[in-house]
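Everything below concerns the one structure shown next.
Every chain is named by a letter (A, B, C and D) in the order it is written, and numbering of its residues begins at 1.
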Amino acid sequence: MEPGRLNAITDVEGVGVGHSTLVEGESVRTGVTAIVPHRGNLLEEKVVAAVDLFNAYGKSTGLPQIMFEGVIETPVMLTETLNTWRVADAVLDYHRERLGVSPGSLNPVVGETNGGFLTDNIGRHVGRREVFEAIDAARSQTGRGVVAEGNVGGGTPMTGYGFKGGVGTSSRVGGGFTVGVLVQLNCGSKEDLTVAGVPVGREVRLPEAPPPSPGNSIMMVVATDLAIESRQLWKVAKRAALGLTRTGSYGGNKSGDFTIAFTTGKREPETRSGGDGFLSPVYKATVEATEEAIVNALFKAETMTGFEGHVRHALPLDQVEEVFGRYGRPLQK
Amino acid sequence: MEPGRLNAITDVEGVGVGHSTLVEGESVRTGVTAIVPHRGNLLEEKVVAAVDLFNAYGKSTGLPQIMFEGVIETPVMLTETLNTWRVADAVLDYHRERLGVSPGSLNPVVGETNGGFLTDNIGRHVGRREVFEAIDAARSQTGRGVVAEGNVGGGTPMTGYGFKGGVGTSSRVGGGFTVGVLVQLNCGSKEDLTVAGVPVGREVRLPEAPPPSPGNSIMMVVATDLAIESRQLWKVAKRAALGLTRTGSYGGNKSGDFTIAFTTGKREPETRSGGDGFLSPVYKATVEATEEAIVNALFKAETMTGFEGHVRHALPLDQVEEVFGRYGRPLQK
Amino acid sequence: MEPGRLNAITDVEGVGVGHSTLVEGESVRTGVTAIVPHRGNLLEEKVVAAVDLFNAYGKSTGLPQIMFEGVIETPVMLTETLNTWRVADAVLDYHRERLGVSPGSLNPVVGETNGGFLTDNIGRHVGRREVFEAIDAARSQTGRGVVAEGNVGGGTPMTGYGFKGGVGTSSRVGGGFTVGVLVQLNCGSKEDLTVAGVPVGREVRLPEAPPPSPGNSIMMVVATDLAIESRQLWKVAKRAALGLTRTGSYGGNKSGDFTIAFTTGKREPETRSGGDGFLSPVYKATVEATEEAIVNALFKAETMTGFEGHVRHALPLDQVEEVFGRYGRPLQK
Amino acid sequence: MEPGRLNAITDVEGVGVGHSTLVEGESVRTGVTAIVPHRGNLLEEKVVAAVDLFNAYGKSTGLPQIMFEGVIETPVMLTETLNTWRVADAVLDYHRERLGVSPGSLNPVVGETNGGFLTDNIGRHVGRREVFEAIDAARSQTGRGVVAEGNVGGGTPMTGYGFKGGVGTSSRVGGGFTVGVLVQLNCGSKEDLTVAGVPVGREVRLPEAPPPSPGNSIMMVVATDLAIESRQLWKVAKRAALGLTRTGSYGGNKSGDFTIAFTTGKREPETRSGGDGFLSPVYKATVEATEEAIVNALFKAETMTGFEGHVRHALPLDQVEEVFGRYGRPLQK
């Protein structure tokens, strides 16, 4: 299937992404990313949503209510594990101060992965300022809707397959629909990394064996424009884990593998006959876009030094090109 | 079935409960309650746990990980909706400052109900001080293990069936096991209240029809001492919703009806033959203890005036006694 | 809330119920019940459906596919445990022989409870003839749509709370919707039976303590006419277990407590604003109709003698009337 | 990870597999496969089990009870869709006639995929004789425990990725445990087939584009010897879908992707510290063994002609070898 114009989650019309990245001194390498289905007040104009808990080792907030009500009412925030609750709390502040509403109840959706290898996570440096910056950026995203990838936003300190990980995005366009995926990649072991079927992780050499990270998770956010219901969107969300495993992960026990999906609901399916059969290409698009979003995170992330002098090396792209040649595939990317 | 010595969740050996209650000025009526399965460091000595989402309209944190890992690693905290995330964040502080550990990952379990009728909830007045006080109290609970009920801790501003609600607890002792339940009651409509089968809500008169609350939820915490696995404990947890409905609730759509269960695992079941058949009396104990915990919350709560002058009346016990007489039941309680 | 005209599941327009009852010799006391959402070919005109597994100790067929696809494509059949698979197989025959289609795939929905106390269940006497008869009757139900209750169809050999159980039905009409429930009652212990809050089971005397049944389950079928989606209908289905517990059951471990719900989808909700909030009265209707359907099964069933001379006594209605008097309630039923 | 001695599910000690294959005339190409965790009476000696419903488009019986009770009490049977209920019914006969017990309740576990492309499935040719033969064979499997693959048992008429599919098996041995997987492969499109990362489906040529099958599903059975509980085994079961997707499937909407897992429970995990962390290599073993079981099904199945003259071609292994060469991988298999 073909990617959209930007090959990003923002190919789904109306979706905005904003990052706030915090790199200070030797120990702070963190941030937060906001994804909005539209630029309005979500609490007033909720969108249909769903959640897949493939391996729910993680601290995300807001997921149970999505499972029952089938909607989200705040931006989806992605950040570092120990900042989860401060980010959720600041989303409430955002409503008061930026949107002028004081809801007596609110269901902030915050996903997280553990960046403690490169950042002083117990310091919980992500606060109101960063949350406001990320949501503002997401809601006002202009022009081409390009999404920065790699060491940005919530992905700043993350590790993927022993290499520098972080944020990645991709999209696929099918007959009458678009699917976009954004991931915050922080899982996997070097020897498992597979790119387009090629065992890149085993073939590529690093200066040293990558030291293990304290965390090992991935947050996957799936957006589409199809007018489907939450139960159907849940089945779409379940396919993101399939895209993940195609890059090599087998869902290690402490890998929090969460998928949050929403739809802007702007396009009617071309056909609804045959039950949910029309969803099959949407599943395929989700698998492909998730796989590529993960690869994009690895391709865009750069080597980073952080907390306690820890170093995480970027995936060496020159070696990848050489490996692809040996495996009968010219690298186009 | 018979209650334990205290008719409280603390009849389960090792379990401690602590409240921090915050009543200040005219607008602050809030607090937080901590329940600990034992007084040690839970992060080091996790206990088996399970969750039932009967109607997951709510913001509780920490539940997905319990579903997958089958353990809890922090105290169970109950508070007011908008304080959820600050409480979760403060639980991490507690680990650093009281327990001397700086975990790079932690799964705080916080349940909530919406107390905005009687307290200025958007002010989020529950913070580190209250969280520390509640956990300290729970861990050091001495003597008879009596649990304060009614307008205390997380239950301070809550409403139950149009009357003043809050915290209630009860227990049942079976052959070789104890079940204890603690609830934070904030759900139901006056006309639905049923006590021991008697339609108390319809019969009792208040000075005025109770104004609706913004929230409508209940948190139920079930503790036992049986050495059972998480899957079995999940089936126990599911029975709490049955106890709830016997007091009249039918699980209104915005009623977040959550049950969190844990076991200290100190007693072997007398028999394990016949699969899970030995659980049936544990289910019955859970239904009964939940039903009575809810009634106890109503019987112990006192009339409260709070935010914006709102008043919530206590259940008039003299009228209850009279109604019981008419329905052929002398009131023993 | 008020019942519909018939106080039966057939108050939901289009719904038909048919029984085939098999009482032969001393050992055969069995049958099958069919419930159809409409009289057409369901495989061509599927209806939205949902399932709640409150306690899935049971052999029902067809439920997983309903959970994922959100529809049913065959009548809902209720029968005796060991006949489950023959009934499912015969539903396929029905399609070939009565509907003239030979589907290469079909998802028959069959619920069951264990009637081995009064019938030779291992003989599996329910076959094609009975299945055809029940479905034909359901599809051609004319006139007043009255549903026979008690010792009929799948409910023929069943036990409820130690008394003779079987089929019961009831309905409730709300603002713009109807909910109908039909149960096949086979669960509960005498001492737990509660009718309208009165502990009837403890008060009523039988000639002998009721011997235990081998089985202990209930199938609950909920029908509505509201145009809602499967996720919403699932939340409706979850309320049936609440109605069950109001009659005294606490969901014993071997009690298979299943709910299958479907909607004819003929009426638009009067409002959809506020998310799923409009469902609350539908929940209440479901709780009430389920509670009454169970009571109706007990009130209509008659004493039966069957397999190996086992006797199951009907609930003695004269005693019930007297008990109600003592508990301050004139019996209207 | 390394396969076991047989590279089959029977590498898990005690596990037996038996097939009954029915190839008659031009239209009957069907059968049934039985898998037993041990050769005793399972109803007396149940084993711990779990189920993953990745995409529950299917008619399998017995799954809900496994989810709640965490055990299986019959062999796991795999057959053709429309034979599901006759097979379940015959499993009961087997208990009466071979095991000498007449259980009043039994939970037969039958998985299915749709073989209507090559067999007259509406004829439902699999009956008592075949069920008895398969279970007898599984229970008496002697000597080396070799498992026939390809066009055998329940897999006889099945299709995989547009090629001839059927039964495949594989195993992996880890530190202190064995995982074995057996699949009945009937899903996927030719263009999606991926073997060890190589896009074999797109590269291989067939005499004609493979006509679509009416069905599109896979049954995956996972066996292990680790003494773990049902909740943990469920997480193991979830990994089978990851192995599936590595061969190219993205879980099309009508693909019933079911996993049934059981454990003989004969080996204690080497360590239980760190919660469920010890499961990670078990997950990896499951992903790998599932992926290879699917490939083995394709490599062993032979071209078949059946119902209405339909032909399904075997995967052309010579072409596969050539393709592997071009993609930098000598084929060892």
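Note that a contact is a pair of C-beta atoms (placed from the backbone, for glycine too) under 8 Å apart; a residue touches a chain by one contact, two chains touch by 3 or more.
Here the structure is a predicted model, which is why all the values come from computation and not from measurement.
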### Query
Based on CA centres, what chain would you say lies at the far end from chain C?
A
### Task
Report which interface contains more C-beta contacts, comparing B-D against C-D.
C-D
#### Entry: Between chain A and chain D, centroid-to-centroid distance (C-alpha), Å
34
### Task
Indicate the whole-number Å distance between the mean C-alpha point of chain C and the mean C-alpha point of chain D.
35
### Query
How many angstrom lie between the CA centroids of chain B and chain D, rounded to a whole number?
45
### Query
Which chain B residues reach two or more other chains?
55, 68-69, 235, 275-276
### Query
Which chain B residues qualify as touching chain C in the complex?
54-55, 194, 196-199, 235, 238-239, 241-242, 245-246, 250-254, 275-280, 283-284, 286-287, 326-329
### Task
Within their complex, state which residues of chain B touch chain D.
46, 68-71, 229-231, 235, 275-276
### In the complex, chain D residues that touch chain C
53, 55-65, 67-69, 81-82, 84-86, 88-89, 92, 96, 102-108, 114, 116, 121-122, 124, 214-215, 256, 258
